[in-house]
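Pasting the structures in now, so scroll down.
What follows is a pair of complexes built around chain A, which joins chain B in one and chain C in the other.
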Partner chain A sequence: MRSEVVFYAFKRLAIFPIYFLVFSILIFSVVMYAPGDPVDIIAGPTASEETRQLISKEYGFDRPVYEQYISYMGDFMRLDFGNSLRFSDRSVGELLWERVQVSAPLGLVASVIGVFLGILVGLFATFKRGTWLDTVLLSGFLVFAAIPSLLLIQFFILLFSLKLGWLPAGWQGGWEGIFTTSAIIPILTLSLVGVVGMARFIRTITLGIMDEQYVRTAKAKGLHPAKIATRYVLRNAWLPLMTVLIPIFFTFFEGSFFVEQIYGIPGLARFTIDSVFGRDYPVILAVGILGSMLSIFTILVVDILYFVADPRVSLKR
Partner chain B sequence: MERVETLLKVRGLTVCFPQANGLKTVVKDVSFDLNRGEILGLVGESGSGKSMTASAICRLLPEKAQVRAGLVDFEGTNLLSISEKEMRNKYRGKRISMVFQDAVGTFNPVVPVGKQIEEMLTLHSDVPRKNLREEAEKLLQQAYISDYSEKYGSISAFLSGGQAQRASIAMMALATKPDILIADEATTALDATVQAQVLDFMVKTARENNISLILITHDFGLVARYADKVVVLRDGEVAEKGLVKDVFSRPKSAFVRAVLRDLPRMDKPLREKRSPEASSPAVLTLEGLHVDYPLFKRRGLLQRRSGSVKAVDGVSLTLQKGEIFGLVGESGSGKTTLMRAVLDVLPPNAEVSGNINVLGSDIYELSSKDNLALRRRIGGVPQASRQSLTPRMRIRDLVGEGLDILNLYESSSSKGKEKEKTERVAELLEAVGIPLGRMWDYPARLSGGEQQRIAIARALAPNPEILILDEPTASLDASRKNTILELLVRLHDELGLTYVVISHELSTIASVCDTVAVMKDGQVVETGTPEKVFGSPEHPYTQKLVSSVPVPPKPAV
Partner chain C sequence: MEKVSATAEMSKRKRSVLSELFFLMWKDRLARPAMVYIALFFALGILSFFWSGDYAAQNLAEARQGPSLGHWFGTDILGRDMFTRVLYAARITGVLVIMTALLGGMPLAIALGVIAGYFGGKAEAIIMRIGEIFIGIPTLLFILLFTAIARPRYDDLIFNLGPVGEWVIKTGVADLALIFLVTSMIFWVGPARMYRSQVMSIRDSAFVESAKMLGASNGRIIFRHILPQLYTYIAHSALLMFAGVIGTEIALSFFGIGIRAPHPSFGAMFSETASSRILNSMPHLVVIPGLIVGLFLFSILFLELRLTRILASEHEREAS
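On to the complex of A and B.
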């Protein structure tokens, strides 16, 4: 069993370099061939042709794209992502790290709350299926999924900050803002958006499990419904849940693009948007490649976890 | 004479399901008694309400079902009127237990089997915590699971169907020794010899522990062999009840008489058999056919071929034109692989050697074009007809699909083709006895028997000469088995077909086949007329197979 797992993990992770190559080339080309010359940004609109050529040579823009790619990836491997164009004295790595310290805790707390609430609502709906509670719960949370997060957060600001005056209307401080009351509104918005998807997913899966023979058998054993819910239903729902958890975390991250912008949070999402508009291509490249690597890596890890957790997967192969 | 103690009294039990147009009664005024230590057969065809009756006793009915009337008196307590909590704590599992058809699925698929047995012990016995494992392993051992220590820690997917059902009996009955065990079609999905093993174990468990057993089944033969008393249900109502020996030898109701008359029987052929001396040209010849599946073993990071599974291991057969040839054997004996080899639909990793000669040509030497031309002359009806009918295609398109694939049309315009297709499908539906009005229906709206007919019509569409039928009656009720077999015999005679009938049911084979071959572990162990092979079997395996089949009771006329 153990060597099976190691073998499978090795096999899955062996694919990772191939993904890395393909995605980095793809992202690099997209950024490089996108309209807009980075020289314009560095040199400014009034620079002479001479200065522009000097800059182009200095930064290596005059070399063929594949050469640029190779030298960029060489630096990338040493975790040197170059310097930002907008903040010319600062390295991209440093800038990103500052933002990640704000966004990551926020995203993590919001998604943990969202997923937990989603599981709870979904399970509840399953056990109360067909009743009015089932309908009310699911359609109620559907409202939050239907309203875009950019409207939802404005509604919360309007209600809790401006009308009731309970909470601040914007982010306070840098990474330590997560410990202030100003974290409540963004966390509430981000988690609510994800709840309904999660709840519906859980409900669909657990409804299917409720029809399984082993749940009937558990009832015939005389087991208490709460034990059936945890030992039988949740225990089996956990497997399919694992495969969607990571994609769900990334949805939370997407939601934060609007939330950070509107609530004035100095986080990664907002920084990325600003960098796109400012054509700060070293930042865009780093965010793009690191982001895609992170998501591929986590999906591979989930596959491996699934293999470990489900004894049947090894049978099927 | 022992003192008779009535344990369970069911009186006037009526169960309904709400439907769009009012209530549908699935169990109607059912009454019977169950004595301590007795074996009661609750028998009927699908939809007769037998499972609903059992579920109602345990109060495990589907949520939508309503008990409209009746009484389930268990030692003076009406189980239908106590609270759910009392039912759960005092009765379910502890006094009244159940085992189900899907034995592997009865265990939580991700939890070791032994742990689930321990759960039952924790719930209803006072086995101390530290002895749980020992006790669970002992139960598995008593269930004839030889590697009980290993199986204690494995999940149900690693158990065979028979092992899983015995383990489930150990868990649901042996562990807590309830007063009543209800077995809901508990052996239906199992092979004949395994079914006999499981039933023997279940009956032994019941007898030794003075447990009353309710056997729910559609198999009258099984009831006749194992039960003391029988309740025959039909459309939710009791058609007849009494001692097995009385009901089956002198049935009072017309229904039971008709069922017993219609059961496919080993000793009641449905057609005039060919004389064994008659000879006609050979249409299908297998010579030394081997089908192997490669097995791999991993060493470090490399996979190495370590051997093969011999699915078919050197089979030689000859079928003559017009013959009905039967192939019996249990799951894993290679029957289906053999059929797939002949139809050239083996999985890509199969390794075939030997010769298959269909209608004069060796199928593995044909060009793909000639092979396609041969395809229309040999057809197959797959085992699970329900799954083989694409749910999103209408009956007309399902039946006529072969015409499209092989382009068997005279006209070249698409309009002309459509017209030909409709005409041909109408012809086929008439031949298999499906009303023409169903041509535009989807398969989900058909009953199991009708779906089987559609699958047969589909195979007949290109006008084949040979038809291979894989378990044509397996999923059908007793009375429908006979109608399908009669249909097959009629089509055989009218169209001059040659059949290969694959079945694990000896009665099906015996009633229609001229010749039968018994397969075990990929080899044919015995061949001959059914009368000879089943009447005086020579091979020990055939003897075991014949003796484990419950013989349907034969009413005195």
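On to the complex of A and C.
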């Protein structure tokens, strides 16, 4: 049984290099064949023909695309993503790392709050199943999932900052902004989006557990619902929970494209958008490839977790 | 499995599965208001065809006004009537939903899911590998990247079409088509994978075997025996897909690569209000359109939420 899991894990992870190759080629060619000459961005519109050729040679734009790909991937493996075109003296890795320090804590705090709230709401809905509270709770949190986050944060800013004056209307400082009150609105926006999805998942998996004999026994013993929830219900929901936990973290991060833009947070998502519109190819390449690698890796890990949770899944593949 | 038996039961009755599903939801007193609101939203979109107002007409003398009798939803920074703009934005959203349902992601998902599940083999392998590529890339990042990079090429292409291209750009059809193409390309993947696994289990069931034995063609088996059992899954994923497509339109237009000026759309409206100065002085610009489209999205997702309960209670009722 254990060795079967290890074998399955190896089998899934062995695919990773293939995906890596496919995705890097895909993203590289999309970016390379995009209209617009990167030389224009580096040299500026008034540069002479000699300067342009010099730059083209220095950056390797004059070589065939497959050669550029190979040399780029060689550097990529050594975690050297080249220099940014917009900030020409800064390396992409350095620029990204600065932004990750802002975005990662924000996303992490938001997803921890969101997951915790989701579990709480889901358990509540299970215990109160069929009552009005069950319906009201889930539909209430559905509001935050339905309204796009770029709209939700504007509502929050309008209400809490501009009308009530409780919170600032924009991000304060760099990475340390997470310790100020300006972190509350973005965290609220990012975390509330995923609550209902989490709660529904918890409700579905725990409903089955509620009918189990041991839960009935615990109820008959007169144990407090909170004790039943943590000791009997949640413990048995843990493994299926793990499989959705990782993908759900991504949903919490997705909203940051809009939240960072609107709230003025100097984070990774905003930097990515600015780079896309500023045609900063090295940054787009690095974010695209790293992002899809992270996403594929989590999908493979989730697959393995599914297998651990229920070894029968391998038969369906 | 319980949903499958519920639909199998439905298909025995005279009414079609789809209308059966509709009446089942209409009977639910919580789902009904959501259905009414969805109809109202579409009515707003249809109203735009008969509305005489011009969504692009600027009147600086009447700019920055709140709601009044002359301008029901107020006016924006350039003095454009917000009611007219909301009508046209609702039209674009509505058209996008209908296109997704009839031409885009939905038929694509059903066709590819059924082909992969029923026929298997090479077709399945190709469909699933392509799907895996789209699943591997973070959806929103990919959509933004792809659209932003493809946009200039796309604009050139349309522009070179001559008078047709001119018309397409002027009416905003070009923008709409791009959003439709991008969303159709991405959103079929999840549902198609789900349909595939369902079709695979139905394909191996006894009644399909016996239908084959009787000499039924593949087409007959698919349309008479397999598709009717997929309807609840289709309903769920269709509602989720509609919400996803609407959200994507808003996201793309927000960043200026979806529906673009002078054509109104909800995403473009919310990008105009994304500064606290405008938000503070003209809250009606975000509150009114925000509530209208927000409630629409909520109604769609609420129907999806209710559908699970309705089918579960229907199943219990039938079982008892």
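Criterion: the second predicted complex is superposed on the first by the 258 of 317 C-alpha atoms of A that agree within 3 Å, B and C clash if a C-alpha of one lies under 4 Å from a C-alpha of the other, contacts with A are read in each partner's own complex, and residues count from 1 in each chain.
By our rule, a residue touches a chain if its C-beta (ideal position, glycine included) is under 8 Å from a C-beta of that chain, and two chains touch if they have at least 3 such contacts.
Small disclaimer: the values here were computed from a predicted structure and weren't measured.
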Touched partner set for A:Tyr232, first chain B, second chain C, both or neither: first
Comparing the two partners chain B and chain C, which touches a greater set of residues in chain A: C
First (chain B), second (chain C), both or neither touched by A:Lys219: first
Partner chain(s) touched by A:Phe257 [first = chain B, second = chain C, both, neither]: second
Which of chain B and chain C A:Phe10 touches, first, second, both or neither: first
Which of chain B and chain C A:Ile299 touches, first, second, both or neither: second
Partner chain in contact with A:Ala34 - chain B first, chain C second, else both or neither: second
Contacts of A:Val244 with chain B and chain C, given as first, second, both or neither: neither
First, second, both or neither for A:Val143, with chain B first and chain C second: second
Set intersection of chain A contacts, chain C complex versus chain B complex: none
Residues of chain A touching chain C in the complex: 19, 22-23, 26, 30-31, 34-36, 135, 138-139, 142-143, 145-148, 150-151, 154-155, 157-158, 161-162, 169-170, 200, 250, 254, 257-258, 261-262, 272-273, 276-277, 284, 287-288, 291-292, 295-296, 299, 316
Chain A contact footprint on chain B (complex, rising order): 58, 60, 63, 88-89, 91-94, 97-98, 100, 102, 105-111, 119-120, 123-124, 155, 157-158, 168, 172, 298, 301
Partner chain B, residues of chain A touching it in the complex: 7, 10, 130, 212-214, 216-224, 231-232, 235-236, 239, 309-312, 315
Complex contact set, residues of chain C against chain A: 30, 133, 135-142, 144-146, 148-150, 152-153, 156, 197, 243, 247, 250-251, 254-255, 267, 270, 273-274, 276, 279-280, 283, 286-287, 290, 293-294, 297-298, 300-302, 305
